[in-house]
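For reference, the structure I am asking about is given below.
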């Protein structure tokens, strides 16, 4: 019920001939294109993401087979109900949260109807969503996503930093309001001495690469992947469609009351999970192709001899 | 002192022949390109933003003259010191914060050395930065930016939503960790009934357009500007360069201790303010050109006759 | 018969399991993608141009309504049969050819089954095509196209000159071998004193713009349209598919004889006419949008006062 | 003298304050941008190609080292003086012309001041250029270019066919009027039975690839390189700047006589040779990067098992 939209009732929207729905795209589309969509949402509907998911499925399959990349997203909060262990005072992010990011599987995520893999939190979320539905209201939330085994060296150094392209992709999903990766906004409150990620060869034994002890960088340094887990959070606003009467102006400027009818999803966050995953896969696939072009080209030249002699880096010319 | 880098001492970095600096781009650049930058930071240095600021100055001048666009950014937090009134429990964002977003000028911002326009907070920030400097540590923070008088109808409906392009631009600035616009992450905790922005003709009297009573949407609905203030926050991590010894691995995998010397900025957030403004100007300028191409093309055709008869929208064919 | 392909017989191609067809894309597609198309031509088939024609129809409709743009293409030669008056010794191009370019209509073109609007030449072409068909051979030819009433100022000054973008578009049509505009290859043999196009105000009376007496420039100077007719020729090779036995190698390098069966078009040039027109429309539409973005943006600024005072140019700020 | 411009005399152009020079970009730039360049040619001057040559030098060096690519261009005609053996009646192109394309070296080209490697023709060209100079006139001509050892599989199948991208690049060079590759316009007059290029394993012995007996395709089939020589011709118009008086209109529409003074190159074709080479190198480099991205990505997957078993193609998954 939470993850499926079984109803198609465009004719519930008759009042929208008079009213631009608050916080919808009705008004901005009219201002931009000079025409009105004929049914609820039109091009602004998240139904357009179906094509993204189809493309992402191919990208994901490739990344899995070629590099063992794993992409898992889950719901971290719904309205005021959040995973209880996200933040601790003495650390940038809490250990339990990072453990979840490190280990959670899609199977664990999909076991919960809310796609929040913490059983107790999920139960509370479900209850909260049902209550919102009962009072004809809606709820937003956040999705956390992790990309594991991402190859080193992805992302372009200036305008197309990995995090910039990822933020672009995530904020192109309907209803999104924010993006943060690694330590994110929380990380701005900690000093550099706690926030820096020391290198270590411990974790990378046998892999011929350096690893980091902590990962506040979120797998990206200088806009380029460092091989650690890339993790990020995406904020989703509460859906604008609610079945309550709203005092708002008509297209012609007359103040009035809009009483939207019809059934609507009180919370789209659980359904956003695969969209976040698919956009992550598409971004990584694009950057893989870009970096492969460069690395393969370099592989055809004579080796550069000025490198540190004792360590061979992934993608390095031999 | 806070806003200028008077020292150029590349030769302080001799240890970096052996060590990739923690949370810097040294390691990822080597992995990506197979070569090392010859001095601190190389292409990853924020010095590259000088070209962006030059371009943005032209964009901003145009936007001001053609549309009266105003772009003002300010520092909202430095490490743990934040504007005291950002969030209130009973509202998505606090009134004082929104008043600042609505009214703050560049002159007010530049009066403070920290570029935080609240005198008392700025004083605390300065003290905190000096203390961090004294203990050879660094601090991150957040920058809030507002774009006023942005024309309606900017932003493309699907992949290049205004917020997506803006997030891309902001996350392309070195050291950024997150982006949120309008109600942002905070807005995810409120129900739709409180979060929706009702339309009103009150504010737009004589302007022939609808305004919204609240602006949790942050000036963007369905990826397209609605003419209200576009405001957003950008997170900056604490600079990775600190003058403390750090236990970390060498390029060859040997564990060791890196003792970076040299003088470094303990906090770059005040200097990030014009970079945030410039990237905002570049984004809006690009979207203006895109939308103008469409609107000007449409203006040469016969009018569409199926529009609501009582109101003429900006950009609408007459 | 000449302009329709009524037969779909993919199973005629069984020998192509063994043989890459000479001058087809079979071999290069396999080399590029590592897989083989399952039926004749695959992605290399000109059937893909159907989508282009659909897009071009919209562009053409817009250009016609907004600017009165007329785009007409016609067949100028089929194999060795060419319009008799293309070239004269004492001029860059012959007067009759230029008259045709100036005045020919689509109705006149479509009246002839060969789409060559000169009745006598068309009859010879038809005969030649029938003869080629009878001996299981194929014929190439050329298409001339003219764009009338193109707005001034289209085309970007360096890499995306109008002629560069047009050449790109034309050479993207399957089976094309060359592109020339205005005086073309023929114009290279004449001295500058004969080739330059003097300006005159005669032709542009009441239009507030300068015209040129001759038009060897083909409507483009410095990569930018000057408002005169844009005309160009596109070369099409004889179709590679012929129903004759051909001595050629198999994929495995064994020499052999390929006897392609099935019915094939002996000459595709008449059918290329709408494809040339559609690509011309798409190019002009793209450049219109680009230039409109710039011109509309400029129109919002205060006027530049250093212009020649006596003449107002199209697109000029007033 | 022919290949160097030692004079910089912007003040010779004072009459151009009143006159748009015929067949120059003066008028179109003013129409496009609403402002006038302050000296002769402005952005339309071929001096801008210096940056292209710098970029092309790097691309060429890479292509040579990585793939053994050789790019050689030469002057094939100046005004009415052309290589005598370009065309023969019984063949698409003459044997001597194809031999030159196959074997000519840069050293041979650069030995001649005209960059036409045929001694006798070069002498005639030089004489013709001197005569044109003496009568203050100018001459156009054609440049032929060959790309040898181009990797198989370059070029995208639809809009960015190798020849389309190459045509775009060539027509972006100032003063160009046409582009043809392989058999070109001449090839349109021959039947398919003579024009098809049969495959053979003879030429490719030990190379594990098929070759073609003839090469009317010019090294490209279906928009994709087949490993044979890519050769093409580019037409250059006679320079618009001539030191003769010209009857033409002023900017304000007044008819008058323009007497351009100053020294000008009577023929730029010899100097166009390195520009043609550099644009060819840039195009091939771009397509190499695109194809390498795809081929390298494919190389990481399990092999496709449905390929013809007896032959391994370049770039094929093993």
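A, B, C and D are the chain letters, set down in written order, and residue numbers restart from 1 in every chain.
Definition applied: a contact is a pair of C-beta atoms (placed from the backbone, for glycine too) under 8 Å apart; a residue touches a chain by one contact, two chains touch by 3 or more.
Since this is a predicted model, take the numbers as computed values, not measurements.
Under the touch definition stated at the top, chain C and chain D share no contacting partner at all.
Once the centre of each chain is set as its mean CA position, chain B and chain C turn out to be 47 Å apart. Centres computed as Cα averages put chain A at a distance of 46 Å from chain C.
In chain C, the residues that reach two or more other chains under the touch definition are 294.
Those chain pairs judged to touch are A-B, A-D, B-C, C-D. Those residues of chain C that touch chain D in the shared complex are 19-20, 22-25, 27-36, 43-44, 48, 77, 79-80, 132, 137-142, 152-153, 155, 157-161, 163-172, 174, 176-185, 187-193, 195-201, 204, 209-210, 212, 216-218, 220-227, 233, 235-242, 244, 246-249, 251-255, 291, 294, 298, 304, 306-308, 310-311, 313-317.
Chain B meets chain C in the complex at residues 62, 65-67, 288-290, 292-297, 300-302.
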